[in-house]
Structure formats: C-alpha cells, structure tokens
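Reviewing the structure listed below.
Going in written order, the chains are labelled A, B, C and D, and every chain counts its residues from 1.
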Amino acid sequence: MIFEKRTERIFLAVFFVIALCIPLFLEDNSFFVGKTTTVMILAVFVMSLDFLVGRVGLVTLGHALFYGLGGYLFVILTPEYEAVNFWIYAIYIMGISALIALVVGIVVLRTSGIYFIMITLAISQMAYYFFFDSLEFGGNDGLFIFMKPETSIFGLNFLNLDNPTHFYYLSLLGVLITLVAIKVILRSRFGRIVEATRLNPERTEALGYNIFAFRLISYVIGSTLAAYAGLLFALQYGYVNPQFMTWEMSGTALVMSILGGMGTIYGAILGTITYEGLQYFFEHMTEDWMLFMGGAIILMVLLLRKGLAGYLEKLLEK
Amino acid sequence: MSTELFFVQLINGLQYGLLLFLIASGLTLVFGVMGILNLAHGSMYMVGAYLVWYFVAVTGSFTVSAILSAVIALGLGILIERVLIQRLYNRNHLDQVLLTIGMIFVFNSLQSILWGNDPYGVAVPEALSGSVPFTDNSSYPVYRIFAAMVCIAIATALYFIVSKTRLGMLIRAGESNREMVEALGVNIKSLYTIVFAIGVMLAAISGIIAAPMSSIVPGMGESVLITCFVVVVIGGMGSIKGAFVGALLVGVISTFAAVLMPTMSNMIIYIFMILVLLVKPQGLFAK
Amino acid sequence: MSKIKTLAGAVLATTLTAGLSTSALAATGDPVKIGVMLPFSGIYAQLGEAGRDGLKLALKQNASNLHGADIEFIELDTEAKPSRAPELASSLLNQHEADFVIGPVHSGVAMGMIKMLRGKDTVMIIPNAGSAAATGPLCSPNVFRTSFSSWQPSYPMGKVALDKGYKKVYAISWNYGMGRESLDAFAESFEAGGGEIVEKVLLPFPSTNFQSHVSDIADKNPDAVFTFFAGGGAIKFVKDYDAMGLRGKIPLLGSGFLTEGTLEAQGDAAEGVMTGLHYAEQLDVPKNQEFREAFNTEYGHYPDIYAVQGYDAGQAIANTIDQLKGDISDKQAVISTMEKLTINSPRGDFTFSKAHNPIQNVYLREVKDGVNVVQSIAAEALEDPARGCKL
Amino acid sequence: MANDIILETESLSKHWGGIKALNDISLKFHDRQLHGVVGPNGAGKSTLLNMLCGTLKPTSGCIFHKGEQIEGMKPWKFVRRGIGRSFQKTNIYTDVTCLENCAVAAQRRFTGSFNLFASRHANKLVRDAAEKALCQVGLDNRIHTVAAEISYGEQRQLELAMVLATDPCILLLDEPMAGMGHEESLRIISLLNELKKTYSIVLVEHDMDAIFELSDQLTVLDNGTHLITGTVDEVRNDPRVKEAYLGKEDEEEAA
C-alpha cells in the first residue's frame, strides 16, 4: 500500500468521491466547474513542489518556471490553427521540460540551502523577463491558444477538451496520476535514497551514493510534473502569460504546500483547496481581502504545527 | 562611453548601491543573528516611506517626520518580534517564511486602508534642495549626496557596533552559538528582539531616506525585496561586510547595464548572482 | 478610516449570503448586472478605484433614464495578475451572468479577459488598458473601449515635437506593450516629418532606477525627450529629470500619463512638461465642469483621467439601456446600439470606431503651477488605425 | 597476503589557510590488519580519516588504493571501492528504523538505486544484509525501533552496522567507542577483533587500552606531523611518544 497513513487514506477517499461527483451537480459551463478545474491543476503543481521541498529537501522559489514553461512550450510547438493530439504533445512537452530541468538542475544543484532558494528564483525571474521582453512570444500580453488539442488514443476519443466538464475530469486524472506517481517513487528504492539524502546528505554520500544524481533526477521529476500542470493550466483557458512564472507564483504554491503540511503530498491537495477557498471567500467579501488572507495565513502558522495535514492526523490517527 | 560619462555613471551606481546596502543591511543582520528569512522586509521599507510621507503632510518638517517614523518602526519591530516571530523559533524555517508572507499581505492591505492607493511623493527638505554643478548640462542634487552620506554613516555605525561594542559581541556570539550567549547570562530572547527591531528600523530608515528621491506607491516593498535578496546572497547571507560589497557591486553593475543594454538590465544582476554562486556557492563573504 | 466600518459590515454580509448568492438568485428580478474587474490592490489599485468610482457615478446620475432597470455591481480584484484573469472573467460570465463586464487596467489581464469573453453575449468595456491588440487583431463585436489605444496619445506628439522645431529626440520607456507602442506611435509621425530618434531606450518594467538614464540624456544632449511612464514610474522619472538639472534645459514630452494623477507628488519637478492626452482636468467643456463637481460631491476629491474613462463606460451602458427602453435581452441590439452612440464625455464628445475604440481629440497640455493646462488640440477626432482588426 | 599494502598515503598534507592540520604524512595500510591512529587532540587524526574516505580533498600529496591514485575522486566513489567509514559524531538517520538505516547502506550492493517503481521493501537480499549487519553489532532486538529512540551507545553500534552493511574491505572507524559504557566497549572490542580477520581497519580511538589491545600497527600523530609507525611495543617504548603524547596525558591527569 503506497498510502501508509490512515488519515491519508480517509482524506483521499473522501476527496476523490466528492471530486468525482462535483460535476454531476453543476452545468458544464458553470463557473465552479472552471474554478474546481483550476484548483485541481494547481494541486498537481503544488504536489510536485511538495515533493521537491518536503521530500527531496530542495526548497525552490523558482518552481513556477516550469509551470509557465508547460504552457509556453505548447504555444511554441503547436501550429496555431490545427488541433494536435493532447497525449502526444503532453509527452513531448514533458520531455523537453525534463531536458531543460536537467540543464537548470545541473547549475542550481551546485548550491544548497538559502542559496539554492535564491538561484532557483533568479533563473525563473530570468525566464520571466525573457518572455516578458520578447515580442515573438507576446511580451507582457501573453499569447492565446486558439485550438484546444484533441485527445484520442488509438482512434478512441473519450474527452472533448472544449467541454469544461471533460476538462475537469482530465485535471482530476492529473491529480490522481501525479499523486500515485509521487507516492510510488517515494516508496521505491530510488525514494529510499532520496529520503536518506534529505535526512542526512553527508551520511548518504558516505554510504556510497552520488547524492547529486539523486537530487538531480528528483528535480527533473518535480519540474516535469510542474510542466504538466502548467500545460493543463494554459489549455484550460487557452492563454499563457509570463506572469505564470513569476516568483510570486512559486511563493503562492509554497504557501499552499506549507499550509497543507509539508512533505505529506496529500496535504498539498488540502492546502491548495484551503488557500483557494479562503481567497475566493474573502475576495467576494471585501476589497481588502488581503488583510484577511494574510491574517488567516498567520493564524494557521501559529496554530498548526505541521500544517492542516498534521492537524487532521492528530484527529484521526491512533 | 566617454570617460566623463563613465565617472558620472559610476557615481550614480555607487549612490544606488549605498541605498541598496541600507535596505539589505537589516535583512542580512536578522538572518545572520536569528537565522530568519524575513520576506516582509520590503514591507518595512514601504512602511518607512509611507510613514514619513504621512508625517511630513501633518507636521511639515522632514526631520521631525523622519525621527518619528524611525521610532515607530522600531516599536513595530519589537511588537512583531514579541507577538509573532518569537513563537516560531523552535519551528521549521519554512514556517517562518510562511509567517512573513502572511505579513506581506497584511501590510499591503493596511497601507491601502490607512493611506489609500494614490501614488505619493515627498518634497526634498528645504535645506537640502539645492544642487551642485556636475557635467555640462546636468547638476547633482544635494539631497542625493546627503542620502549617500547617511548610508555611509549608518554602514560605519553598524560596523562599529558589531565589531566594537558589547551588543556587537553578543550579536557575533549569537550568530555562532546560542548556548554561549546564554551562558554569558544574557537573555537571548531580548537580544533577538533588539536585533529584529533594529532590522525593521533599518528597512524603514531606507524607506524614509529614499522617499524624497522616489515615488511612494503600493507594492513598492516587493519590488525592492528581490534586489535586496540578490545583494545579500552575492555578499553571503548574514555578512554585513558582504552586504556592503554586494550592494555596491549590484548598484554599479545594474547602472552600467541599464545604460549599455537596457532591455537586458534586469537579467544582468541575476546572471551576475548565478556566476558568483557557481564560483562561491556561499556568496563572496561566506561565514 | 470609515473604510474599516464598511469592512466589518461586508464581513457580516458576505458570511450570511455567501452560500446563497451563486445561482439561486440569478433568475429572479433580472437586474442589469455589471461585472467590474479592476485592480483594487497592488500597484494599479488607484487606477482601479478611480475607474470604478467613475462608473458608479455615471449609473447613479442616469438612474432615471434606465427605464426601471436595477443595476447590480459585482466587483472582483484582478490584482493586475494575468494568471487570474480568465478565471475571474469566467466567474462574471458564467457564475454571475453579467450583462456588462468593465475592465481591466493591465493589458495582460485584458488579454486573459478577452480570451474568455470574446464573441460571448456579455459586452466587455475596457476603461483603461491601451493595448493595441484589444481593438486590433483581437477586436470583437462585444469588446468596446472607452479609454484610448496606446497609439492615440503619442502619435500626435510627433507632430508637436516637429512644430516646436525639435529635430533630435531621445525616446525612453518601459519595455512592455504600452511602452513600446507609445514610442512607436511617436516615432511614426515624428520620423515621417523628418525628425530623428537619436536613442530609443526600453527599460525593464517596472524598474524605476532612472538616474543613469537621465545622466545619459544629459550626455547625449538631444533637442527634446519623449517618454511614456505612468504612476510611480512617472513620478520617479520626472523627479530624477529635475533633480539632475535637466528641467528647463531639455524639454520633456510625453504620453499624457506622465503627468496624470501624479502632479501633486511630482511637485515643481513637473513644471513645463508637455504631454498629449485625450483629457485634461481643466478642459473647457461644460460637461467636464459638471462632472468634476459631481464627482467631488460624491467622493470628496476631484476625478482623474481614469475616473473619466470609467464614467464614460458607465455612460455607454446607461445610454444603451435608455435607447433600448430598458430591454437588453437582445445582445445584438445592445452591441449595435452601443456602436452608434455619441458619448457626451467630460473629454468632449466621442464616438466609437469600427474597432470599438473612441474617436476622440487629443490635447496638448503643459504643466503650469501644478496643473495640466491645455495648449491646443494636438489632433482632432483622432481614430486609431486598428491594424489587424477585421470588423 | 596479509602483508599486501591496500591503502597508502604519500606526503599527504592539509592546510587551512596558514594552519597545517596535517603535514607530509606517508603511511602504508596493510590488508586485514588493524591499523590504529592515536595522538592528542588536534593532532590531525580526523583530518587524516576524512581524507582517506574522500570527504576532504588534500592540499597536496596522494592516496593510493590498491595501487591506484584516488585522492581527487568523489567521496561516494571511495565507498564503491570498498572504503567505508564511521563518524566520530553519531551520524545516522534518526527518523527511521534501525533496519531502514542499514537498508540504505546495503541497497547499493544488490540492486539499482535508480529504480523509480520497485518497492524499496521488495528486495530480500537488501533486507537480509541489513539484518545481518545489525546482528553483527548486537542490535538484533532493535531492528524495528526508530533510531532516535535507542540509547547513545546503541546508536554508536548502529553507526558501525551501517558501515558493515556497505560491505567494505577497508573500515575507517572514527572513535567507535566514544561515549560508550564499559560493557558496550568490550563488545565492540571483541567485534573488532573478529572483524580484523576479514577487513582492513583504520581505527582512530582515544581508549588507549583498547587500541593497544587491537592494533597490529600503530601510528602516532602529533600536531599534524607523523611521529612514528610501528607495532604496539615499538610505539610504547619510543621516547618521543612518551614525551609528546603520554607526557601530555599525564599533565592533563595531574591538572
């Protein structure tokens, strides 16, 4: 069983049952279908970050680089007025993102701790300025994706991405795949060394492991998942903008992940839902929603030692 | 670029660098002593600028306003440390990061509620409003020379305090060894409160000094925050000397980059930082 | 401080109605729903608030002409973040089923909104963002603009510079859509008349470290400087320009935003700056005086250009409802009615071009004693070329 | 066979700025012998050990393993050549079980660690090797206990078990008995006596009785320099050692 904790199993069961049923109560074009889709996509992004920060021990403030890249790569690689196959391009884009992450990783992983935070931030800001300043990629206005891709596999087509409900299920599938993938990796032999490296890098190296390689591969995995989330996000509304890769975006994801309970992975889903939910609530309540959002964040840090997941576990374990 | 213009730009760069140092000094001090990464440091810069604008509007005197604002910032620092930061010393560093992000939200919101969102400016104080001849058709404002001197004075004072006084000794000891400071019979809690409050005050003072030379707008805190981090990281986190050298380097480099390759200039400091970190992964003056 | 009380009230109100407000109420009563998507926090907050205030004033003044239609506002803070734009636009479109959507300020956000709203039944009115694409390649029957295209305030300034005898101009702005488009529009008319741009500098947005560039200008010693900056950047640039002693030596020209809503903060430093814009506070148009007083009565301060643009968006809606006798169910009728409107604006009357951009006068203003004083009409009934628009 | 040189240093030096932590050390370590290294505090024992396992790069000089020059290699490559080390300060994974601690150590020997899919628990060889190492050091009853919860002495044993689980041929042990009770020390001594039949061991230790009892060869370092290498008796009777080392020890005791 890859889900070891009782709390984890209960939460995920409840989450997936509710998530599967949500569209049954909503119309296809309802705002909430769109909103929950965005939350699902963000959850994929935040889980990939949670994996890196909480499980690999790489605190990055440049994760949004790959989130933005997923969308930009799609716009750059696909013809403007022709529907391409989603699955082929998803794999294609993730492959290119992985290569980019490999190169970036080789550079950034030479540093550690706060310097790692800063160097990842620097690289994502550079990418941001690159897209912001480039006329051919739409500059600060961003770019539109005019054609949604089609999703047939061997001629069978279950999903129509122009239908928001179908897109919602695609995003939910993304959550499931990401969750399982990360969990399987963490349980694997590779995961054992990654865990050891986070707990005690010096010792792990003294046991004969090239910790750089383990960190690098993890970095590539996390970044590639983020690119997948970014691809979905860009496709949902057919729009990419350099702001998707700012450090604020990375910072927000980090907040969601810490809020949910760092390193618990399922906590990332919880954190994303909570953050987005609170923001939605405060935003519709008052123009000064930031005051309440900030207050809520401060309160939660003070009150919850291990994030929302830690609180749940206190209630449900034993 | 002519020799004359080269020196003009060098002076511009140094002046910008000195201001950057002033903003960054508080950040690096707090990190060095307490190990806390205060993302809300930029908000304190903003608070300083808004406070001095507000008090100038009320009292009409820049000096009075500057002193009042600095004192309020000091009090704010003590309050924040006592009420919030203190509760998180035994916690994960990321919890502290999260807390300070929450503080950014709150301060931005309070700024909007208390002072509105119009852009403001503070007039240069009368006594410093003149300018000295500079090049053929430009002059150099006295206030900017004054501001640079204030930055140098504060840098000197910080150097003196850290290396020569009892407080400085405790700060240096606290950086390396908490237990030792406690063994000296010093309450580490009060030391941390003082250091954090000084950090906040330094950020606010930079906001005060910068106010007459810049615009006071919402979001001004976040825009300096990142540059400030770059400075501190290049110099080596926690090192005052490093922050000084880093600030001057960033100031000069970004000034020349802005003129020579304007569209690239924002990237240049990041590229510079990455290069520094590749050669010295802990910054130039790592501990 | 009264804002704090409103806040507390709002907390209660939303807590009570949050659950209900979504779809259950949509069917009953059928008020005219106006979604407002403007930045209320962050660097553009002032622009967002001014636009919203102007909008509300227009609808309040026209309440008697609405044939009994109730107006309901739904306000969402864009934070000027493009990543949230489609989602918020979707909320207004699908959740609140807004009849009109007003927004935004930031042109990146505009793109996200247009993506969502293009070709839909909801009419979108842009009260600020000047991005050329919005009424250019991406123009759409249901997208209107009551502000300007970035081309409009800058294009006439090229001729102004030539008329003043300036041959060599140093052009500087931020490297983003509005900045590039402004400098290009200026260069278009300036170079066509034989002028020369000696240096074109595009700085990374939103850097405000201008001192080195001002030194560079002093060194290059051009006949004049043309610039686009707005808000905090405008204040900083004008102050730096003055502080380094260039004011009075090298004339400073600009797109009007250089001195809009910033004059108080700029103080003496702005004296003598010449800008082109489709509005000026002291503009001698009866509607302008009337509007300014009404705005001041309502909000306790005088309006700026952003309020005017919001006000005209409100007028466009009110006039359309009036002409349709309160029945806005036929969206085609709404669009074709709005297209034919002549808006009696504080900036002078204007009509919409085919691409739905205002055809309006651009005034040459010069700052004297802290006020933008109109010198002349730099271009009369100027229409944006709307390059790439197929309407 | 027993006298083959397995590890050798040649004029090995480590300088920190102007301070010579270790200066011009040339030593030969023989196969299946226990080579003790002693010296007062600051003599450079840990520095030597850290260079022998690759975590410190020497300022100058060479290290040869089976005749091959290795001093520039990454630490993890040292381990792969069969050079395993324990730390002076307990250095284990405190958050996981003793078994998992040793499993991390053992996994590299049996199976690819870059397998992203296979469960870490699936390989029986890894588990057996880990359990065997734990039994070797006498932690049979602590297999499923979280490492943070066992006693300090047991953590020292675990430290040793982890090195054994990597299946090294050379063991570099940095004060394995530091902070142990008498009982536990005796157990380690008998264990080391057993181990030196199959492994080459470099032992840095403060416990003089233990090191005299165990060592085949003994090196004395003082102040970063090499004083003498020889059998226990040779070292014991060397006047320089008495002066430099034992003399100081006496002073310390007197004080």
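Keep this in mind: a contact is a pair of C-beta atoms (placed from the backbone, for glycine too) under 8 Å apart; a residue touches a chain by one contact, two chains touch by 3 or more.
The structure displayed is predicted, hence computed values, not measured ones.
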| item | value |
| --- | --- |
| Chain labels contacting chain B and also chain D | A |
| Chain-chain pair with the highest tally of contacting C-beta pairs | B-C |
| Chain B and chain C: spacing of chain centres that average the CA atoms, whole Å | 34 |
| Distance from the mean Cα position of chain D to that of chain C, given in whole angstrom | 73 |
| Approximate Å spacing (C-alpha centroids) for the pair chain A, chain D | 44 |
| Between chain A and chain B, centroid-to-centroid distance (C-alpha), Å | 33 |
| Sites on chain B at which at least two other chains make contact | 108-109, 112-113, 263, 266-267 |
| Per-residue overlap in chain C, given as positions that touch at least 2 other chains | 3, 7, 40-41, 175, 204 |
| Listing of all chain pairs that touch each other, if any do | A-B, A-C, A-D, B-C |
| Partner chain B, residues of chain C touching it in the complex | 3-4, 7, 40-43, 45-46, 48-49, 175, 201-204, 206-209, 211-216, 218-219, 221, 231-236, 239-240, 243-246, 249-250, 261-262, 264-267 |
| In the complex with chain A, residue positions of chain C that touch it | 3, 7, 10-11, 13-15, 18, 21-23, 40-41, 75-77, 81-83, 85-87, 90-91, 93-96, 107-108, 110-112, 115-116, 131, 133, 138, 175-177, 180, 204-205 |
| Residues on chain A engaged by chain B in the complex (per definition of touch) | 53, 59, 107, 110-112, 114-115, 118-119, 121-123, 125-126, 129-130, 133, 247-248, 251, 254-255, 258-259, 262, 288-291, 293-298, 301-302, 305 |
| Residue ranges of chain B touching chain A (in the complex, touch as defined) | 31, 37, 39, 84, 87-88, 91-92, 94-95, 97-99, 101-110, 112-113, 222, 226, 229-230, 233, 237, 263, 266-267, 270-271, 273-274, 277-278, 281-283 |
| Chain C-facing residues of chain B, complex | 2, 4-5, 8-9, 12-13, 15-16, 108-109, 112-113, 116-121, 123-124, 131, 134-141, 143-144, 213-220, 223, 254-256, 258-259, 262-263, 265-267 |
